[in-house]
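First the structure, which I've put down as structure tokens, then a few questions once you've had a look.
Chain lettering (A, B and C) follows the sequence in which the chains are written, and residue indices restart at 1 in each chain.
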Amino acid sequence: MKKSILGLAILLVVSMFSTGCSTAATATKSTVPDVSETNSESVTEDTSAASQTETKDKFVIGMAQCNLGEPWRVAMNDQIALAAKDYPMFEIVYSDAAQDNSKQIADIENFIQMDVDLIITSPNESKPLTNVIKKAYDAGIPVILLDRKIEGDSYTQFIGADNVLMGLEAGKYVAETLLPDGGKVLEIKGLEGTSGGIDRDKGFREGIASNPKVEIIAVSNADWLREKAITIAEEMLQANEEVDLIITLNDPMTEGAYIAAKNMGREKDIMFVGFDALPTPDGGIKSVMEGRMSLTLVYPTGGKEAIESAYALLVEGKTLEKNITLGTELITPENAEDAYIRYGGE
Amino acid sequence: METLLQMKNISKSFAAVKALNDVNFDLHTGEVHALMGENGAGKSTLMNILSGGISFFDGDIFIEGQRVHIKTPVQAQRLGIAKIHQELQLVPYMTVAENIYMGREKSRFGFVSDTWMNKEAAECLAQLEVNIDPSTLVKDLRVGEQQMVEIAKALNMHSKILIMDEPTSAISKAETGHLFTVINKLKAQGVGIIYITHRMEEVFLISDRLTVMRDGVYVDTVNAKESSEEKIISMMVGRDIKAMSVKNKDVLGKEVMRVENLNFSPKEGSFKRSLKDVSFTIHAGEVVGIAGLMGAGRTELCECVFGVHPKTSTGNFYIENKKVNLRSPGDAINHGISFATEDRKSQGLVLQRSIGENMSLPLLKLFSKLGFMQVQLEKKRWVEKIRQLNIKTPSSKTLAGALSGGNQQKVILGRWLLTNPKLLILDEPTRGIDVGAKSEIYKLIDQLAEQGMAILVVSSEMPELIALSDRVIVLCEGRITGGFLREDITQEKLLMAATRMEGNK
Amino acid sequence: MKQLQIKMGNTISKNNIMGSVKKVQSVFGLIILLIIASFVCVKNGKNLFLDWRNIMNVLRAVSENGIIAVGMTMVILLGGIDLSVGSVLGLVGTGSAALMMNNHFGFVPTIIIGLGIGCVYGLFNGVVITKMKMQPFLVTLASMSMARGIARIWSNGAGIPLSYGDGLAPVQFEYLQIRIGGLIPVPAIIFVAVAIIFSIVLNRTKFGRQIYAIGGNERAAFLAGIRVHRIKIFVFMICATLSALSGMIHAAQVSQGGPNDGIGYELNAVAAVCIGGTSLAGGKGTIAGTVIGAVILGLLDNIMGLNGVNSNLQLIVKGLILILAVFLQADKQRD
């Protein structure tokens, strides 16, 4: 019996050291650089990383992801890891909260405890995570928010595309190009409390306002998840005989809605619109290329930009702008193939 | 007629108890041979050995002159031995046909043919003149019909030797008639049948020879035509054993409990015996024994009095002449009735808790103040009882599961004695207890009666029952068939009353 | 070895809390983990683990699960299970937020109603299980779904953010998540208090005896005059009420009443209970064990988090630990 406990202990320790200074991204696409474990000689006693004029040669960045169940976030982590390759002084530590607010709070508390030099995070929901992020920020740890915001302004920088703008562009395209003579639209939203979702929805409704014949006849939530969207879409299609277009606020949900429509034999009669446009085999650009979706918009993860900001702040000692708004691009059947290559798809 | 089966010098012990002592038994082809004896005589053990349920025993078995080894039921089956069990061994959620062909389904490439099975099963049932659709689920049948299915299953195996253990206990007279017709047909085919029953008239109707066992020992084998009920019973009982102690009970204490017209109709599918019109009284200081064969309803009687079956039983109960409702064990306990069950482990003890806690179980309210247990007070009582009953344990904190069977029994007694009841019901109080402990318990029962407790005792050991009781009531198939005062009791009388069927008072 | 085990397992030591802690095998696991943690979580010369702030973080993180697990222990001791705890947490978290933010209820009424919802919920579970003679697994699986639905209807599907002050939620509610002296989290205090109270209940009261008896041998308990149905209903009520309490603490900690919060919490609670040595068959187990189980789960997260272990690997390790812990406990029960 005691032997088994000992065996378990060894297992734990081994797993600890094998991933010890883990920079492994959770997706296997990017190769992981082997960061050595040498302790720097010039570590200062002062553990608060507020001072930007320290000459350190090693920085630990904590990346607190909210849900790696979303492919877009897997891509975000991948892009961070990829960008970090160019900066050997950065060691990235990852955590995933699987959509649980409490877990993410605990993850960030751990990062504070570990006294990381910087935190990058996408908060699961804005209100619940505000306190702990504020705590980190007030303790002198710079915080870069990606894609989702918190309440108030206790953070160093927010990097995200303008979701309102994206929604607006999508709305205009639907109103002018896809449904110029009007039509009935089903909308499937993400997790209610996320700022990105709220913004896209807001923008979309503004965008279609120009064409009063475009009508949103039903709205539902599928929490950004593909499987959930299949079920939700089935219900919505069942309840609504006439549907011309389905828009969901991210590509996985749109794929799910497509599957639902296909199961009911109605996919040819409906147009599908999504957001994110990842250049991956399961991403939105491919969906447009293969004719399932009529439109998606590129939603850059900002991973690369986050690392570049980190470098600017930690190494070069520059001050960061509060907001970096990333651009977007509409992906349609006309430019999909080209875009796929441009964005680095294989 | 040739010798089909010979069992020679069979002995078997379970721990220290010798269940069979050098028993001989033989069976001819085309014969119905009845095996008789009281509870605990060894009939079941002997037949268990024959049907492969017991792997290790002393002695030899010969079939058609050849020595055979029977260590598993499968081996027994292969040798052509089939058994109809007293406790039905059917799967309730499968159909009649599936049960009949269990383990022997004919299949093609692994697929079982339902139509084939149903057809064959229907033929088999028709032979027994039983009208059951083979695709019915067993759980939907009456107990009598279930028993016919069990019989059909055994018959279907086309065996040479057929063991029937109380095959008619749950079926009607008409169905019994059909069974006997089939038995006669089998006899004509040369099948040897071993028939175990307590029903005298049946035995003399159907069997050719009878063998009597008593206390694990072979007594005698006789031809049915040359014997009689009285002769058989006296063989089963042996010498009349005198009462173990002399009691002078001229004056009866006041009436503690009166039961009037107790009727119990158990749910379909439960293997309990129904009770009909049971009435009796018991007085302070009186020890009343309840006799009867296994399955006669003795335990059910105790349970009903203890409030275990409020929804399925009716009757009037009077405690010290006041009418009471006994709708739950809690009610019974509150009215001063205690019940030490037959099966200590599964119904009495919480094995993972200590002896002390087990004893306190009915008295939690008494031993607590504002919800908190008064452990010091409890402990005092525990130690008293442990000493009084001579329970062998290092401390009252020992887990109940760690004790020997006899000591476990004492813990249960300890519990019910702690409640200081007016009426103590004991169901098989000395089962599984060694001789030394037994006499301690007898002494205890005497003492308690002396102190004015009314005691109801169920026991399958006739001598014990007779020795303990002032009065004995006999149950047979759910009815009271006899009541005897101490002076008039003999084992023969008890056995006769216990084996009478309905309408034969 | 078996003999030794039987001898060791023969006595229930003194009916007090320390006694039950000693009996609990999971203490070994806890101690080993603590040792590992102290050595492995060192970075740049600083011991990240052996630090008051970190210990308090861990305690805070396990409190919600711990409170639920205390209730779950009692249900499992009876031989049952309650799968609806996570949903009740969500329901009461959402409900209390709604009452305070939308209906401007004060602190005390909110707490009372919140706990009351838990009581009623447990009553429902208990009555259906006993009177309708249905399996606890099924009944609580169903009520898990119902509570989730009620929570979503109450909040219209969205979370209800909590802000404190005049015209908003009462300030006292925020106390449910503050750290006293900047260090000791109130949720942890509540967790410890709940654990102590119910440990006393199980070990020293009539009620506790009845629970162990019913879990150990329901038939024997029945025949000893114990009102089995009543006790069962009461225990389910306690479990749901503790989940309700945890729900309100949770809402305070995430500053939001979320109808989707608590999903999967029932599994964490059962894990804590099992790692702590309680048998799923009933009749055997202690609150102390559950506390240790909950802490072990929290420590695992903490150790792996502080070392940046890959999150997928974390899931695997946790699963393995659960199997190991249950296996170790099972040895004892095979007596």
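Assume a contact is a pair of C-beta atoms (placed from the backbone, for glycine too) under 8 Å apart; a residue touches a chain by one contact, two chains touch by 3 or more.
The structure displayed is predicted, hence computed values, not measured ones.
Visitor: With chain centres set to the mean of the C-alpha atoms, which chain is at the far end from chain B?
Guide: Taking each chain's C-alpha mean as its centre, the farthest from chain B is A.
Visitor: Specify the chain with the shortest distance from its C-alpha centroid to the centroid of every protein C-alpha atom present.
Guide: If we average C-alpha coordinates per chain, C lands closest to the whole-structure average.
Visitor: Out of every possible chain pairing, which has the most C-beta contacts?
Guide: A-C
Visitor: In angstrom, rounded to a whole number, how far apart do the mean CA points of chain A and chain B lie?
Guide: 72
Visitor: Can you work out the whole-Å distance between the CA centroids of chain B and chain C?
Guide: Whole-Å distance between the two chain centres: 47.
Visitor: Calculate how many whole Å lie between the centre of chain A and the centre of chain C, each centre taken as the average of the chain's C-alpha atoms.
Guide: Chain A and chain C have C-alpha centres separated by 33 Å.
Visitor: For chain C, which residues are in contact with chain B within the complex?
Guide: 6, 9-13, 15, 204-207, 209-210, 212-213, 216-217, 219-227, 283-284, 335
Visitor: Per the contact definition, I'd like the list of chain A residues that touch chain C in the complex.
Guide: Its residues touching chain C are 1-2, 4-6, 8-9, 11-13, 15-16, 19-22, 24, 26, 39, 43, 47, 68, 93-96, 100-102, 105-107, 109-110, 113-115, 125, 127-131, 151, 191-193, 221, 223.
Visitor: Inside the complex, what are the residues of chain C that reach chain A?
Guide: Residues 28-29, 32-33, 36, 40, 43-46, 48, 51, 53-54, 57, 61, 64, 157-159, 161-162, 250, 253-256, 258, 260-261, 263-264, 301-313, 317, 320-321, 324, 327-328, 331 of chain C touch chain A in their complex.
Visitor: Please give the residue numbers of chain B that touch chain C in the complex, ascending.
Guide: 306, 308, 328-330, 332-334, 339, 341, 346-354, 357, 360-362, 364-365, 367-368, 371-373, 375, 395, 397-399, 401-402, 415
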